[in-house]
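Chain lettering (A, B, C and D) follows the sequence in which the chains are written, and residue indices restart at 1 in each chain.
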Amino acid sequence: MRKNIAILCSGGDVSGMNPALKHFVEYALKNSLNPFFVYDGYEGLIDDKIDKASYCDVAGIINKGGTKIGSSRSRRFMQKKYRAIAKQNLDHHNIEMLVVLGGDGSFRGMDIFYKEHGVKFCGIPSTIDNDIAGTSYCLGVDTSLNIIRTAIDAIRDTASSFGRAFVIETMGRECGYLALVSALTSGAELCLIPEVPYNLEQYEESFKNQIAAGRKYFLAIVSEGIKEDVREIAQWFEEKVGIEARVTILGHMQRGGNPTVYDRLMAYKFVSHAIDGLLNEQHDSVICYNDGGFTHKSIQDVAFQKYQLDSELLCHLQDLYNV
Amino acid sequence: MRKNIAILCSGGDVSGMNPALKHFVEYALKNSLNPFFVYDGYEGLIDDKIDKASYCDVAGIINKGGTKIGSSRSRRFMQKKYRAIAKQNLDHHNIEMLVVLGGDGSFRGMDIFYKEHGVKFCGIPSTIDNDIAGTSYCLGVDTSLNIIRTAIDAIRDTASSFGRAFVIETMGRECGYLALVSALTSGAELCLIPEVPYNLEQYEESFKNQIAAGRKYFLAIVSEGIKEDVREIAQWFEEKVGIEARVTILGHMQRGGNPTVYDRLMAYKFVSHAIDGLLNEQHDSVICYNDGGFTHKSIQDVAFQKYQLDSELLCHLQDLYNV
Amino acid sequence: MRKNIAILCSGGDVSGMNPALKHFVEYALKNSLNPFFVYDGYEGLIDDKIDKASYCDVAGIINKGGTKIGSSRSRRFMQKKYRAIAKQNLDHHNIEMLVVLGGDGSFRGMDIFYKEHGVKFCGIPSTIDNDIAGTSYCLGVDTSLNIIRTAIDAIRDTASSFGRAFVIETMGRECGYLALVSALTSGAELCLIPEVPYNLEQYEESFKNQIAAGRKYFLAIVSEGIKEDVREIAQWFEEKVGIEARVTILGHMQRGGNPTVYDRLMAYKFVSHAIDGLLNEQHDSVICYNDGGFTHKSIQDVAFQKYQLDSELLCHLQDLYNV
Amino acid sequence: MRKNIAILCSGGDVSGMNPALKHFVEYALKNSLNPFFVYDGYEGLIDDKIDKASYCDVAGIINKGGTKIGSSRSRRFMQKKYRAIAKQNLDHHNIEMLVVLGGDGSFRGMDIFYKEHGVKFCGIPSTIDNDIAGTSYCLGVDTSLNIIRTAIDAIRDTASSFGRAFVIETMGRECGYLALVSALTSGAELCLIPEVPYNLEQYEESFKNQIAAGRKYFLAIVSEGIKEDVREIAQWFEEKVGIEARVTILGHMQRGGNPTVYDRLMAYKFVSHAIDGLLNEQHDSVICYNDGGFTHKSIQDVAFQKYQLDSELLCHLQDLYNV
């Protein structure tokens, strides 16, 4: 008899989830599994929003941002009694295996669920923050970086006529990855991230000298997780460096956009490896990408560690911004 | 003998200036005029940054945002003595006619210059704010609107998974055009602009009811010129409507981006009509676009009037947002 | 009692139809009408694919290309007996008024239907070819032009390193509008359209001279409707001008893409005016856009006339390309 | 005394060259080297188009497609006497090291030059075809894939209303990489590449059945290097499958476009590793990217081997398209 396998999205959605859903259906069918969708994340597990999925359900979604099956942050799933209900729902549909697109919080929840009820799962790291330990890449990051790029490129077009500093806030929570890569690839003059202590005073002299030498504008990329508010950085430019400053807060536009080719291909590969793992005795793992290859890692090694920024990138930061 | 004609950009730059420069050179040559560039706006007039322009100078710029010849806001040009220097510089190059890409402040300055020194000019309304009286369209607006659209579309992709209100601030100074058109064309749930008084209380009940009926998110587009800060609107959503809110401040990304086809075509037409006017006894005018056609208007009718939002658009606002 | 009104798409779809559907539902409800969708064009009329439409049906489509309700080219609707069935279906749903997004063929069909059965309708000109007499703008054109622009801009980036001629074919059937505007706004060196006779020989000498003077590449925009195949133009470059040539056929990518702001706003206005007309004794008309305003025109004046290219544009063509 | 190092682009340009030039200047200066540009590839070496480069030369180019310093295919450089001239020119500028952005032909030429004259160099694989042995990634591929994606996404928007097959030709010469990844990430129904023999007959039955079962359209991605012309594939759809077909030839638009974040970051890393290698006894190598890391390889291992498509990708092709 064919086995049943389900997929769900948990936490914030990212571009790349839709291509993942499409490939999930196709790859499940190819492996003689019946694919199911759980709608609205763990909330849907509890509320039995679980349905069979077919080719038709994933037609025309490969190029769309967001996730067709919804996502959620579930407080209820943190309670034992709701997890018991979730288990009943899965049993009702005869579902033994779950693929979970989410972040480390979602994986920790799933880990508990596995230990309590034996529901096998494989996590696929999905967050634009790229802040999950154990994997060098999380689904959605590339699309997000390219949205940020487009925004910064547009600002750059106009920057020189204004004689101003442009202070641009990126997402990332406690992780400076988005800000750092954006700064490197846009040639920004300043990059501030939570991982690296900074002292604005050290830039003051240098920036004043650059203005005196003819520099017309500054691009500053700051991660939302730094200790100061983006408006304080703008204020510093105005008061200490002596140049008018303007703020851009990119906000949730960083979460959307049509998925890039890289995110579609990674979605494809993550899903293939996740299903392969579930069919081959990986019952409580996250599929991780490192050094060009995929490996299953334990929840312990992924969701209970602190993410470290790539040391090569940190060196570049140091080189470029003398921090 | 061939006459000399120059072009300059004044005030904030907009996408569409580069295509205008390209067509200026081509159309001047076709009309047996020698084209000149004045770099860095009125500052360049004063500092004699004036050069002959040729086909080579405009190769490959038609698809670039910003302006190749720079722009500026000049305080010196408001003083008689600097205008006298500017006049000397123009005389030195034997330049009799100027095309000025800018806003109403720039046109008023040029008007004084004309009255003092007889330098003929034609203004081309250029500002993303679309806030110049006498013309229904200003160069750069379409590109700006499409940049805003792309940002809002990306937010919309992700909006439904979050159960949040997204409050997006657009530019426009005292004019709500960008915000209003963006709201209409993105299907936003709220639109606040400086021209129309609003009372947040009137939305409170309705928005709460919509949430109770299943609505997952709100898009709110607010113009930078409204009486409250965008963060206060977000706060209102959180405290009064009872939904988490996030802020996006688009900032100067609205000023850049590759010019759209519409802005390139308008650049083409504005420049043709400006030069035609200068060659046909229009010596102190702005070329305006209304009802699908172009007419020269006096500075009085353009730069000394307050811009009024299109009444049809205001009706739509009323229809959609019950204000 | 509330009246029922339906909308359908006929012929090739265009970007802008989805925003039109969204506004149709909203504007119908606002005017106390019950909105219906007819799926798959006239085929759906015959096969009774007709359904009530609600806000939910149009959520999240404003930023999508194509049309959510499908379109078709129907041969059956050209036969009296199928039109009789269509009428029965409409009667069954009590639908008295139709909004038809389509081209002149679709309008002629509807005109016959009106004369036979008295079903009131208003046509909205929708085709990327912009080849409908009586209106200066057809829904979808702006999006299409911007897709073409993006393609040409990408070719321009790379053009100079190759020493080649790039021959780019645009759509447009018998109408050169897309090719002509694309050429003007991309600074192409050659533009060939069906409306204007050309003689390649006249360019030969000039192009050879330009190569001798250092020109590295040519961009040629040709409309699909010209007498020669795009490959023959490439061959001419290679054999007569003496420069390697490469062909790009844009094809149906010109029909898709997220609708631009201009197309969304035009969709909005076309639909408002169409419904207003139907409610005000316009029973057999097409809503047309000229000189910045909207007027209802008879089918005779729209669908039985040959479209003429804007004479100002033709002048530009002549100026630029000496034809 | 500071040493001199130069960079040049050879062969077809790719998006990513400009960010590479920017980082070259910055990283050379940081390593106490004097950076030089060689304009127009090996032709410029022969004609002494060699100049010092500074920060100013690379301002504002990081987001531009193409290459600011030009590129060329040089026949003269294949002759000993011209290479001798090239060597004299380099000596004249005291340049000891070269970074070469190009393909395997360019690297073979440089290898001869090194053996004759001892000019140290490091190659950076740069071609959208991704067909260089020894490296899994060539600069420019990601940008190219995303341009193709945008084109296919636009076609997909409109595909379902037409009941047609869309046959899209990608570049790649003898390599099917672009076509294969594009097909996987766009969910195409057919993918034909030169590396894998195909038999159209095998698809005929299945495609007819799919049409009978309700399929409205087909997307077919074909690589330019297959044995048949793209038009023959379209003809096959019309004559054998029985569905109207339309052709899109993407052509050189695949070579342009603003470089993606991935290509900018890879440009950054390739250049850093190339210069590091030259300063550390790598005198005749290509810097290659595999398994997430960079290694220097000999010309023998790169430019004299045939590129093999990634076997995992080939499996996917087989899975999806039963070839």
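Simple rule for what comes next: contacts are C-beta pairs under 8 Å (C-beta built on N, C-alpha and C of every residue); 3 or more make two chains touch, one makes a residue touch a chain.
Bear in mind that the values here come from a model prediction, so they are computed numbers and not experimental data.
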- Message: What are the mutual neighbours of chain A and chain B in this structure?
- Response: none
- Task: Tell me whether chain C and chain D, two copies of the same sequence, contact each other through the same residue numbers or different ones, using over half shared as the line for same.
- Result: same
- From chain B, which chain is the farthest off, judged by mean CA positions? D
- Roughly how many whole angstrom separate the Cα centroids of chain A and chain D? 28
- chain C to chain D, mean C-alpha position gap in Å, rounds to 36
- Query: Can you give the whole-Å distance between the Cα centres of chain A and chain C?
  - Reply: 39
- By residue number and range, which residues of chain B touch two or more other chains? 153, 156, 160
- Which chain pairs here would you call touching? A-B, A-D, B-C, C-D
- Considering the complex alone, what residue numbers of chain A touch chain B? 9, 12-13, 15, 64-67, 70-72, 147, 150-162, 164, 166, 168, 246-257
- Item | chain A to chain D touching residues, read off their complex | 19, 22, 26, 30, 60, 62-63, 136, 142, 145-146, 148-149, 153, 156, 160, 181-182, 184-187, 258, 260-262, 264-265, 268-269, 290-293, 312, 316, 319-320
